[in-house]
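The letters A, B, C, D, E and F name the chains in turn, as written, and every chain counts its residues from 1.
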Amino acid sequence: MQIKSIENNQGVELFALIQDAQVRTARNGSQYLSLTFSDPTGTIGANLWDATADQIADFLPGRVVYLTGQGSSYQDKLQLTLQTLRLATAEEPSDPSLYVARVAISEEELKSGLRPFFAAIQTPVYRTIVSSLLGTAGERFFTYPAAKQNHHALVGGLAWHTLSILRLAQSVSQLYAGINTDLLYAGILLHDCGKLVELSGPVATQYTTAGNLLGHISIVDGEIVQACLANQLDPNDDQVVLLRHLILAHHGRLEYGSPVKPQLLEAQILHQLDDLDASIVEVQQALAEVQPGEFSPRIFALDNRKFYQPTQPE
Amino acid sequence: MQIKSIENNQGVELFALIQDAQVRTARNGSQYLSLTFSDPTGTIGANLWDATADQIADFLPGRVVYLTGQGSSYQDKLQLTLQTLRLATAEEPSDPSLYVARVAISEEELKSGLRPFFAAIQTPVYRTIVSSLLGTAGERFFTYPAAKQNHHALVGGLAWHTLSILRLAQSVSQLYAGINTDLLYAGILLHDCGKLVELSGPVATQYTTAGNLLGHISIVDGEIVQACLANQLDPNDDQVVLLRHLILAHHGRLEYGSPVKPQLLEAQILHQLDDLDASIVEVQQALAEVQPGEFSPRIFALDNRKFYQPTQPE
Amino acid sequence: MQIKSIENNQGVELFALIQDAQVRTARNGSQYLSLTFSDPTGTIGANLWDATADQIADFLPGRVVYLTGQGSSYQDKLQLTLQTLRLATAEEPSDPSLYVARVAISEEELKSGLRPFFAAIQTPVYRTIVSSLLGTAGERFFTYPAAKQNHHALVGGLAWHTLSILRLAQSVSQLYAGINTDLLYAGILLHDCGKLVELSGPVATQYTTAGNLLGHISIVDGEIVQACLANQLDPNDDQVVLLRHLILAHHGRLEYGSPVKPQLLEAQILHQLDDLDASIVEVQQALAEVQPGEFSPRIFALDNRKFYQPTQPE
Amino acid sequence: MQIKSIENNQGVELFALIQDAQVRTARNGSQYLSLTFSDPTGTIGANLWDATADQIADFLPGRVVYLTGQGSSYQDKLQLTLQTLRLATAEEPSDPSLYVARVAISEEELKSGLRPFFAAIQTPVYRTIVSSLLGTAGERFFTYPAAKQNHHALVGGLAWHTLSILRLAQSVSQLYAGINTDLLYAGILLHDCGKLVELSGPVATQYTTAGNLLGHISIVDGEIVQACLANQLDPNDDQVVLLRHLILAHHGRLEYGSPVKPQLLEAQILHQLDDLDASIVEVQQALAEVQPGEFSPRIFALDNRKFYQPTQPE
Amino acid sequence: MQIKSIENNQGVELFALIQDAQVRTARNGSQYLSLTFSDPTGTIGANLWDATADQIADFLPGRVVYLTGQGSSYQDKLQLTLQTLRLATAEEPSDPSLYVARVAISEEELKSGLRPFFAAIQTPVYRTIVSSLLGTAGERFFTYPAAKQNHHALVGGLAWHTLSILRLAQSVSQLYAGINTDLLYAGILLHDCGKLVELSGPVATQYTTAGNLLGHISIVDGEIVQACLANQLDPNDDQVVLLRHLILAHHGRLEYGSPVKPQLLEAQILHQLDDLDASIVEVQQALAEVQPGEFSPRIFALDNRKFYQPTQPE
Amino acid sequence: MQIKSIENNQGVELFALIQDAQVRTARNGSQYLSLTFSDPTGTIGANLWDATADQIADFLPGRVVYLTGQGSSYQDKLQLTLQTLRLATAEEPSDPSLYVARVAISEEELKSGLRPFFAAIQTPVYRTIVSSLLGTAGERFFTYPAAKQNHHALVGGLAWHTLSILRLAQSVSQLYAGINTDLLYAGILLHDCGKLVELSGPVATQYTTAGNLLGHISIVDGEIVQACLANQLDPNDDQVVLLRHLILAHHGRLEYGSPVKPQLLEAQILHQLDDLDASIVEVQQALAEVQPGEFSPRIFALDNRKFYQPTQPE
């Protein structure tokens, strides 16, 4: 049974992830837990009344639980009235990532999609640095989201977003002369790797303290410096400086958090393709929820615009 | 002989276009013409002293002349000292477009490049409208520049810019699902057609009065309305409204002259690909003049940034 | 009986317009209608519990109903407890426009006020175009509001706003030399006519899809082109271009949705008088609700400022 | 003889105002004066070579001189070669204001135009304050320009601008209800009086130190406080606060130098009419120099726009 | 007993200040008072049901009351259920200022801290003006807050903020040469004195009408003019103009409400130290409520940023 | 003899630094060098006609020369007519830094001024990192300017600016509680160290390529990462993250090139003191060139404002 299929006044039993858990005090002075459960199909809230200290310690965000209860409607919103609640055991489907929506493309497809782009990088300096950072990233590169929310806030979002830009970059490189694809591909592969430190992970994603105080741009830049030292490269070497510039400039404008503006053809292209992929995915996701002839809700990242789902001509 | 090869103190004879001609009064009270000549290789200035009324009437911007004289240096700048100056005759190379730089791709390639995109448009409404506007444009579509200056300010620039965006759009449509290519291709084909009215032509390009007062965006929009009426279509019909929206919104932001912001997936894509092609061409042109290890002059349209031409690693 | 006079715990019977109607599901799973009723004196909410499919189909926004019930207070807000609810019959006051507030000036006064300005336009081109667009508009010109909300969001608001600007323009033309009143009056008469397409009508006003995607500025511009074709005028003729410019530039700044900025004296005047009338009416309406010595609520369209109602000196 | 009629190689004798005088050192080490002369018809430059200390002390900006010499052309610009130069005597036309362009309307017309507006102010507090400030201003009110440059930078510009706004305000007050004309007229009469301190005077106008450091808005505000004290009024009395608010808010936006934004209907109207008069006069003056079918130079105060002088339809 | 120590379901009796009192109508049609009580430790709400006309007239904001009742929880928020409520008598602690939080430094310390700065001003003009304004201010200077909310919104906030800037200014004057401390100290002492008119007082602080319409900057400027007239000084005298400039320019930018920008070294320093003290106090106050390892709520006045409370390294 | 004392028509002989050297072609086709010489007292231009290839190779920016010639005036500007020009020998005063203006405080004073601040840092992590970066910087820390131009563009400017902020920070730390001086001092000491890579050096200062492409903020950040690796510290350790944050955020706003905004009390203070020192020095330097009663030229970095040098009261 999945969250999406819960109905009012109906019995419920299912496994779910605790996405959020807040300890609160009821009017009678006792403590209760205000819980949010999620699985790939959706999200639902419930209160656990008279929560014991053990329950408060157990039911933390990120844990998987088994629950029984009943759908109930409160202020026009469906929620759960809990009957039983316990942690899932190791034999049960207790891997939190099972309960998080992921991108439509499989991890294997992501890996086989990315492989030729990495293989195409011939310049030793770029090959070494990319190899070092992706090595450190390991599997996390394929599970992290690309953002806390909005587009690509799905398991695998980081890799999917990276792959989409690489494919756009391949087309652009075929249509225009003089693009250094080694530099461009290396820059794309690394541009958002700082999110592996900036965000807490694919489940119940939060900004980390280092994420807030440094930002993902400076985090990757620091990791490139680290990779240089580990590989006897000079971080101020000409080629390294070009790659660092692609990372630093990829937000395109100072006011969007890039400490320098794009000053290389490849940096300009990376910035614009990053925006292009983000825009298309944001609009597609917004329109997926909308009937023909209707406007979507406003999309914050796109200038707060509503988008229109055209009617089908007969 | 071409303008680029003129040297100081050297005899000159060549055909050239009068790009600019200003009537001025010399200190002795007589009138003279301050002339600018151009050919595809460059530009050079000269004064025609004691100009007669006939000469003033003849030597207008846009005319082709035959001239003899000598290169001379004035304030560190090379100019011409004229010996003879006359209009080119019909037997001579008197077609002004011969003297204007054109895009690197031939008119035939532009036409054969564009043809499949037009052919791909199956929706009757879009086919009709595009056909009508391109019919009216005729050959001008293949000779007009895409701008008075900057990128694509070359003979054929409009068609080249249009074709480049179409090719980018084709790649994007293959990489992302759910894009209405009929609408997108029709929008791209027409998006800058208003420049056929906004600009005076490929030679000595100026803004026309209608161009200044209406702008190319509203000009095309009006022409689509015209095409509708000529073809018994309702300009407020759903499909027509979508196409008009693509045109109106293609500058992406109100402050760049679009009266509405993109609210269709295809409008957003058209806007971003328009920017992408313009950026790449601007940067490529700026870097073409720059040595490895040097920065280009500032590019006004790109946030006044300088771009760097990397050195070649040994 | 009118909405304004409803009191708590008091019997109610009246005719009203359904301004909004939302279908919702109650906690017990049954459907109900959340309704908003309005008449010229105000607005009040009510729920119709256990709504049948017929009721849901009948009680749509824009319909007039007869209702009985009782005033009741819910969370410090007065609402209605319905006893009976039915559609008004044709013999009853069932014209929706009876239930919408209108401007203080009668339709006849609006018409007689506008007539001399139209009569004053001697230039044939302008006379023809204005005549064509106002002919198409017909009675709607005198019933449409000038906006979805804010100033002039009243029946007749469009005509009232137009007349007010014309009167200001007449004064300005007498105080300053060299103003082309034919052009200026024509521009004023047409400047907001696009709202006849952009907005759904005087009752329960919404933006139409064409309104969202084209905007009222481009809508009128297209209609001027249509009028030209219908009257054998060239839409790029000098005089037509001037009039189109007045329409296109009347928001004054690109960021307010004008695709070009004012470049004619008359365009500048139209823009500033449009703003002046809007400001005065907005402030007057806000101050009408405020006691001497108090500040009004913030006015969004005026930079979010509060306005002060001065006390009367004794 | 007037400056406008000077021609190249022609004898010149005339009275003129020294508008600017700079002491410079020639290549031979001697000092010379670089002078600018003006009269109501224009401006012309000349050098006085080997200037003596007496000459340097005499020929100061603001002095009237009698000169003889010859028109000469230098770098396509007409200038004067001086033969004799001396200060004008008291018997000669030595009043500097004779040599400055003034507004088209006579001082007497300005006075008789303003009188009824002053007379219309019945509220004693406003009458007292206006009377006090205009009394202090005296004749300067009718000779000062309204700006160092741009619109109204003419003798009489302050009074002319004030009168124009008053006339607009009168029309507005007749078209809209509820405007406190006593407050509005008082505010208009005083709004730019701070320029009597901010600017040095009608001849060779400069910003004063107090003008730079305080600005004309705070200067008038301080003078209203002074007038209150001299007339036993409390500067924080309700009615005085309203008038001070009109002055303080008349630039409309903080970024234009108003310390508060308009929060009274009359303050909003004053602000918009001030802008309206300035815009119309700026555009009229720019178009006066332009042929039909041409665009004016860019007008800095109007968003750097060019304005178009339409051709006359036949 | 203090507000901070109230617990759920517990008896309460205490004196408190009425900070806010709103008359409302209950669902049964009777009137009740929605009250907010405060003391230096916090704030709590309560409703007085079936309020009589006498009670409504008595229990006004700013009055001190004695109350008994019980803590109760409503929607997770603690409030009071009242049993008795009466005004405090003159023998009881009925001075409202006892119930408002004040700065950590005593009034005596503020006075002894400020004294040497006033004593250090030797320039007679500045000494006279400062003396005049502080004399008028009297004790209010030591009780007023520096703002309606945010930093320094405490009893004594104005004096504390002034003293802090003076101490910073003293350090700066020792580190850099050429600073006119007489001018700088005078400017600091007066810069926020307009708040004595702009704000209603230390208790239940509101903006006054004069405060809204003039702003505290123009209010002090006017008072300096007054002080000049009372002391036979010319308000446009050079030295006075410098001091007025410091006041007028102290917000640093036009868009923050200064009618002129800083153009004196001392004006620039005053502006930056004003900001510096405000920032430090805002951040300190926000971090005081936050655990190590947590971020504060967003601080509106600091660009809406959150601040981080670092963890203590072991 | 020094540049400042050169007069027209007077013999000149002196040592000077070549600040700029441009190869140009004269009208007769021969090459010449357009040279700019500087010493601590000023700057003067000269042309070396008919320059040989050897001369072009020798007379490069940054070289010291001995020259003889004569002062001459060209277009009201003093320049040099060269008689002889040769490179200075090793025995002569050939150290380029002798010819560049330096800060008023000696290198020894800078060092002894900075020492106690470094000594005050007790936290091992900060002590290690600061020690590492200052060790790498070595003497360059005391010779580099703080900017290419503007304030502190003097030999020693970097150290002087750093010391000034440290002294301000010391005062602030004494006046306010809870400031982590170890963190703050470490941040100040390192905040501009990236300029050692961003700028070419104290003589003929230019931006380096790495400086343009990375910016001094990311350069130091990378060096801190390097220092961590060299000292077995984790660059994402909590304490390191705080220090990196101080560096990254010290421009205060994204649009000024900081990739993150200040989120620590110490980061906010560093940012504001950095601004304060820069402002004071800029204004002091501008006013040093200005007579009492005059305004300085506009200062670009201070919002393009002019500053006023007050007259001395008698």
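Quick note on the criterion: a residue touches a chain if its C-beta (ideal position, glycine included) is under 8 Å from a C-beta of that chain, and two chains touch if they have at least 3 such contacts.
For each chain, UniProt lists the protein as follows: A, B, C, D, E, F = HD domain-containing protein.
On a predicted model such as this, the values are computed, not experimentally measured, just so you know.
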Least step count from chain A to chain E, where 1 means the two chains touch: 1
Chain F and chain D - chains in contact with each: B, E
In terms of CA centroids, furthest away from chain D sits chain A
Report the chain whose CA-based centre is farthest from the CA-based centre of chain E. B
On a C-alpha centroid basis, what's the spacing between chain A and chain B, in Å? 43
From the mean C-alpha coordinate of chain C to that of chain F, what's the distance rounded to whole Å? 62
Chain D touches at least 2 other chains through residues 209, 212-213, 238, 242, 263-264, 295, 306, 308
Which of the chains touch, listed as pairs? A-B, A-C, A-E, A-F, B-C, B-D, B-F, C-D, C-E, D-E, D-F, E-F
Given the complex with chain F, which residues does chain D contribute to the contact? 24-27, 29, 209, 212-213
Under the definition above, what is the set of chain B residues touching chain C in their complex? 197, 209-210, 212-215, 217-219, 221-222, 225-226, 229-230, 235-236, 238, 241-242, 244-245, 248, 254-260, 263-264
Touching residues of chain D toward chain B in the complex: what are they? 8-9, 72-74, 76, 293, 295, 306, 308
Once bound in the complex, which stretches of chain D touch chain C? 123, 164, 167-168, 171-172, 175-178, 180, 238-239, 242, 253, 261-265, 268-269, 272-273, 275-276, 279-280, 283-284, 287, 295, 302-303, 305-308, 310-311, 313
